[in-house]
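Below is the structure I would like to discuss, written out as structure tokens.
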Amino acid sequence: MTFTRFIDLSGPEIERFGEDTVAVLPVGAVEQHGPHLPVATDYYMAEAVAEGAARLAGESCDITLLPGLAYTKSDEHAWSPGTLWLSARTLLSVLDDLGRSLAAGPVRRLAFLNAHGGNSALLGVALRELRTRHGLRTFLLHAALPADQGGASPAAEFGMGVHGGLKETAAMLHLHPDLVDMTQARRSVPEHLTAYEHIGFGKPVSFGWTSDDFATGNGLIGDPTGATPELGRKLVDASVSAAAAALRECARFLPDRPPTP
Amino acid sequence: MTFTRFIDLSGPEIERFGEDTVAVLPVGAVEQHGPHLPVATDYYMAEAVAEGAARLAGESCDITLLPGLAYTKSDEHAWSPGTLWLSARTLLSVLDDLGRSLAAGPVRRLAFLNAHGGNSALLGVALRELRTRHGLRTFLLHAALPADQGGASPAAEFGMGVHGGLKETAAMLHLHPDLVDMTQARRSVPEHLTAYEHIGFGKPVSFGWTSDDFATGNGLIGDPTGATPELGRKLVDASVSAAAAALRECARFLPDRPPTP
Amino acid sequence: MTFTRFIDLSGPEIERFGEDTVAVLPVGAVEQHGPHLPVATDYYMAEAVAEGAARLAGESCDITLLPGLAYTKSDEHAWSPGTLWLSARTLLSVLDDLGRSLAAGPVRRLAFLNAHGGNSALLGVALRELRTRHGLRTFLLHAALPADQGGASPAAEFGMGVHGGLKETAAMLHLHPDLVDMTQARRSVPEHLTAYEHIGFGKPVSFGWTSDDFATGNGLIGDPTGATPELGRKLVDASVSAAAAALRECARFLPDRPPTP
Amino acid sequence: MTFTRFIDLSGPEIERFGEDTVAVLPVGAVEQHGPHLPVATDYYMAEAVAEGAARLAGESCDITLLPGLAYTKSDEHAWSPGTLWLSARTLLSVLDDLGRSLAAGPVRRLAFLNAHGGNSALLGVALRELRTRHGLRTFLLHAALPADQGGASPAAEFGMGVHGGLKETAAMLHLHPDLVDMTQARRSVPEHLTAYEHIGFGKPVSFGWTSDDFATGNGLIGDPTGATPELGRKLVDASVSAAAAALRECARFLPDRPPTP
Amino acid sequence: MTFTRFIDLSGPEIERFGEDTVAVLPVGAVEQHGPHLPVATDYYMAEAVAEGAARLAGESCDITLLPGLAYTKSDEHAWSPGTLWLSARTLLSVLDDLGRSLAAGPVRRLAFLNAHGGNSALLGVALRELRTRHGLRTFLLHAALPADQGGASPAAEFGMGVHGGLKETAAMLHLHPDLVDMTQARRSVPEHLTAYEHIGFGKPVSFGWTSDDFATGNGLIGDPTGATPELGRKLVDASVSAAAAALRECARFLPDRPPTP
Amino acid sequence: MTFTRFIDLSGPEIERFGEDTVAVLPVGAVEQHGPHLPVATDYYMAEAVAEGAARLAGESCDITLLPGLAYTKSDEHAWSPGTLWLSARTLLSVLDDLGRSLAAGPVRRLAFLNAHGGNSALLGVALRELRTRHGLRTFLLHAALPADQGGASPAAEFGMGVHGGLKETAAMLHLHPDLVDMTQARRSVPEHLTAYEHIGFGKPVSFGWTSDDFATGNGLIGDPTGATPELGRKLVDASVSAAAAALRECARFLPDRPPTP
């Protein structure tokens, strides 16, 4: 029962993995996060939570950490310099190729650990494709569930802290304080959306948006101003714990029976 | 302020649509629904709710109903005869082509009314692509939110009534009673999944599954046995009302300001 | 020996089809048909002829009717609002996916019933692809053979009644008189094309055209002015009879031997 | 008014072409033609007729001959060694790329001269795509219209001389007698198909076939036994004359007016 | 031990090829070569060297010559009329389709004989794809190694005679003197590139260029002015000899053992 | 004049890059490297040389380091567990998407720093595509030129140290000694290839191979046995220096003039 970095092993070592080994793929993004956060925010978050959780879960099961994907689907931020992104078709092909070549070896379980809400839908598609095409047991974990996908969001953000808001900023203050410039942090909550009953972040009707649709001026959707390293530490720790617990379950999940004790 | 069927109009009539007209695309599926329901279950549901809601909303705004998509993404049921499905790439291309050609005319708002949970992720991808590629304001409405995507599910189904269960069966008993064979209806709830804490329908960790993964024997995931036409009528009526209210909002939604009164 | 609607059956019922069952796929279009006809003209025609023929043929063999394709290849009408169309590649993928998933069950015979001349070439390609890739016996029937593909065309149309002319208008006056506005019907025959000896509709040299290439002003190619419901009835009845007879043959066609009596 | 070989010109010379110049693309095939004919039969036929017609038409208009396509869509002969073929998607991309790059220069008219019946449908699709995507005026000429596409076929072949039969064999005896082995020529007409009323070569219902579907044993569909060089010469001369006349018309065809005298 | 033209054989004759037969595919280009050379320069060179070498090698092993590819990847010359080219994806698909269909018969060895430097990288990709996907032993021969890919280049060209320079012009003066207009030949060597130490033709750092990037004015990169037919004859003869020797080795190459004597 | 990590900057900071900024993309691989090296060998090498060179060059020009690509084209090692790879088409799409989105901001220069010889050909294709499609000035640098692409190779490896041999092993002993197991290092040089005159690594005729084609038993091609950390340090230092010098030139390279002093 160990944690390993997949890429630090040799081919023959990888050949010895068992069918309960869980490969973990961090899925980040390189995209504008307003003027106070680096474009790597989601990538750093994915890497940090994935590694933390993989190490923790690796104490009781076989977890192997894959190199994370930095470039993913960020078309909602395509208007901004600094956003480097793959089209949906390209990213689907990348995931399919990874699934195909992983499944050519002994690994049978693959968990995406995603930190960019804009990837969730596509990863949902990939979950099933890798299951049906390559026979992998696939799982989707979130570094932190976005506010519009069932995650909590502070009242001050009206449930709209989906991009560069309180939680992401806090997490970065904890993980990479040198990369955060709080003097540039401005509240950017499109409060007028609360006047819609059905359509909006986390409401029953989702909609196609880009981050410059809301006239908030800086590409953020949320309120970073109250973020602190302490909050960030708590959030990251909680994410790591939750993801580790989930990974332990991924290692023994079988859809046709309960977990074996 | 009217309801129209898009395809019953001539080209010059369609040219007169305004920018607040909402085109509604029913999105169904043709896929096995166990031995007691027809493979068209989701298609009939999408069509019925879309038409009902479009007519209702059409009383106060311009709603134009498009021919629905019968064939969509049903790879989780590919193992069964009767499942006719498009790959994710094909369906994405279909939606992209429809968005492109719709946007070549005056319509600027497109609402998907989806009745198949297996489409939700891909439609989420398409929402954004049609927004960024073709400038359409896009919306995703659910005929009935699946149990694993935030919808309610009766306690007896343990939150797993995602396919051919109580609600879908009831709706079909109301809409097309002649196509339902309740003598074949059997409870098929993979209760053992409740023993998993993190992974499962509606749980934080989603997973790649096919409907024959659960050893329930008939491709269902849910318990249709208690379904009645009365329950079906209530569910359909509620769906129509909710979708109509949402469509009215789609007709005036602008992301950078509150609704105009 | 029966007629069935494929989508009204359950998966287990579809599993019981035999190898002589013919699945019929109506192939329509949603495209401008001038100011007097709805954009659904070809779709309604495909559906009407397919259902009529399938019911008739179903008296003596197993015919199962699939949901028709509304959105197909209408790039020659892309200039007009109301034309919703798929690219050649997308439509080829749709047909391939349908063939693949149909062939995963017991059905081995698939007949396209096409009502849009602009689809004929692509369906010709698909006929062979579904044969070679998925082992299906495939057939292409025309709801009414277009004037430029070997069909008859009244002298007054100079053999050019290919789009919204006498026959299509008459058929719609019979099928959906409420959707036809004969006050808008205008003769739009590019008679100058008769001065070309080799190139033209139904001539030896076919050419790449769009329906706004001919300077006729309304997107029509034909003369709808003399259309009557009676003519329409006769045309539709004849199409149904011919298609039914063809479907009966599709059910027993084997390329390496004559029909068994 | 001249005939040129496109590839023998320099870039600056090609830049001087006018908008009435017709580029001619011979479209052949490399596919089994039974034991008595070379796999290049259609390629040689396309090249011979294209060059002959281009030279003849070049006496009175600007015709530029492109290098022909040897490898095209021969999936119906994929079962046989010697058949080298492109998928429909690949060939469509080839044609699209050629149209795109040709249209980047001054040429505005492109005529396909096709000698393989199995290409006709796909070329029909390409005709329109190159028209709508690249603004080219496109034309499809046949080296010899196949028997199942409106061409004449001797009675002895029952209208089925579609592959390696009397006419193709005769043409090759004229063009490349050294490549024909008449001692291997055998009649291979699937006469049993005449017993079908609707389905068959040249009948109203086309079908998906491969050349080994008919149990004739050698991949031919036709009767080459009576072929003579004299017949071949007559056929080729007639094809050249007809194609030349058509090319002259291609050079002045405009869809919105009659030919200028 | 013979030389054959693949396309002059019948299917059954091709079926008799052995596993040591080498199929040779000439790979040319149709692209601007300045004002003094025809756009077919690379195509003629590929055809001449391939045929010469195939005939020579065919004296001692089985070599079968395929029809050459005229249209290939010339995106660096896309700015000029006369350049007809395929995208990288299209050409890769063409090569894959040819490999797939060739491998469906008995041939197991395929040699590309390339005369266009702009194809080398893509052919390098195809070498491996055809090996892994279709099991073919694949080889890449150059009609003449370009100056920037290891080939010699006269001092007067500063190692930059990569397009329409001394050697290509000389070869064409030998092969097709009627197609060369030496009165138009001008020196076009971007000598300023010699001032770069790392980046440039044949230097350690390759770069993305188009042939109009260098401000030489006519699309050439080289100095054709000193070309003579005698030099051309020597170059072509040397290329033919070298390619023939290489083809002989291709016929017996096995990666896991030395050549058998 | 600075070195930056692209992803550590905010969108507005990235917007301030100038047209001489060079973005550096490390291109590695995750593929079997025999039993003594980790599958990340090329990835670590690419990252180390890229970062070293970028920092060094950043002292005198603007260099911004992008997150490297771990997963690339390793089809020649697809047979081995541990090889995770993208198809040529997928990787080309990834590079195209990155180029497109990078070019949407101010950066105009992109340098690939590649450490996997199997990527060279595809990167050569991408160099030109990103130049012509997105207007980027593109450059290809090698962390260490492979022995079969012009790089030096010790005599003991007969010029075949292309995969896991002396130099790669030495570099890893320097960079990540903990990941190298010299007890597993075995000489694996297919010496029999020297008996071929034309075909082979670094010879005029390249060929399609996979790393299990050579019967050397462990997937290596080279001789790691003499590797030392000292040699590795020298090699890496030399690579860093050379790449830094090249990057400085990339920052001022213009194809139509010499470098400005």
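Think of it as A, B, C, D, E and F in the order they're written, each chain with its own count starting at 1.
Everything below uses one rule, namely that a residue touches a chain if its C-beta (ideal position, glycine included) is under 8 Å from a C-beta of that chain, and two chains touch if they have at least 3 such contacts.
None of these values were measured; they are calculated from a predicted model.
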| item | value |
| --- | --- |
| Labels of chains that are neighbours to subunit C and to subunit E | D |
| Minimum number of chain-to-chain touching steps separating subunit B from subunit E | 3 |
| Reference subunit A; chain at largest CA-centroid distance | D |
| Same-site or different-site touching of subunit C by its copy subunit D, using the half cut | same |
| Gap in Å, rounded to a whole number, between the CA centres of subunit F and subunit B | 48 |
| Gap in Å, rounded to a whole number, between the CA centres of subunit F and subunit C | 55 |
| Chain centre separation in whole Å, for subunit F relative to subunit A (CA means) | 28 |
| Touching two or more other chains - residues of subunit C | 78, 89 |
| Category of the chain touch graph - line, ring, star, complete, other | ring |
| Ring path (origin subunit E; first step to subunit F) | E, F, A, B, C, D |
| Of subunit E, residues touching subunit D in the complex | 5-15, 17, 30, 32-40, 43, 66-67, 70-71, 78, 80-87, 89-90, 93-94, 96-98, 101-102, 104-106, 176, 179, 181, 184, 219 |
| Complex contacts: residues of subunit A adjacent to subunit B | 73, 75-76, 78, 88-89, 92, 118, 120-125, 127-132, 136-142, 145, 150, 190, 192-193, 195-199, 204-210, 213-215, 242, 245-246, 249-250, 253, 255-259 |
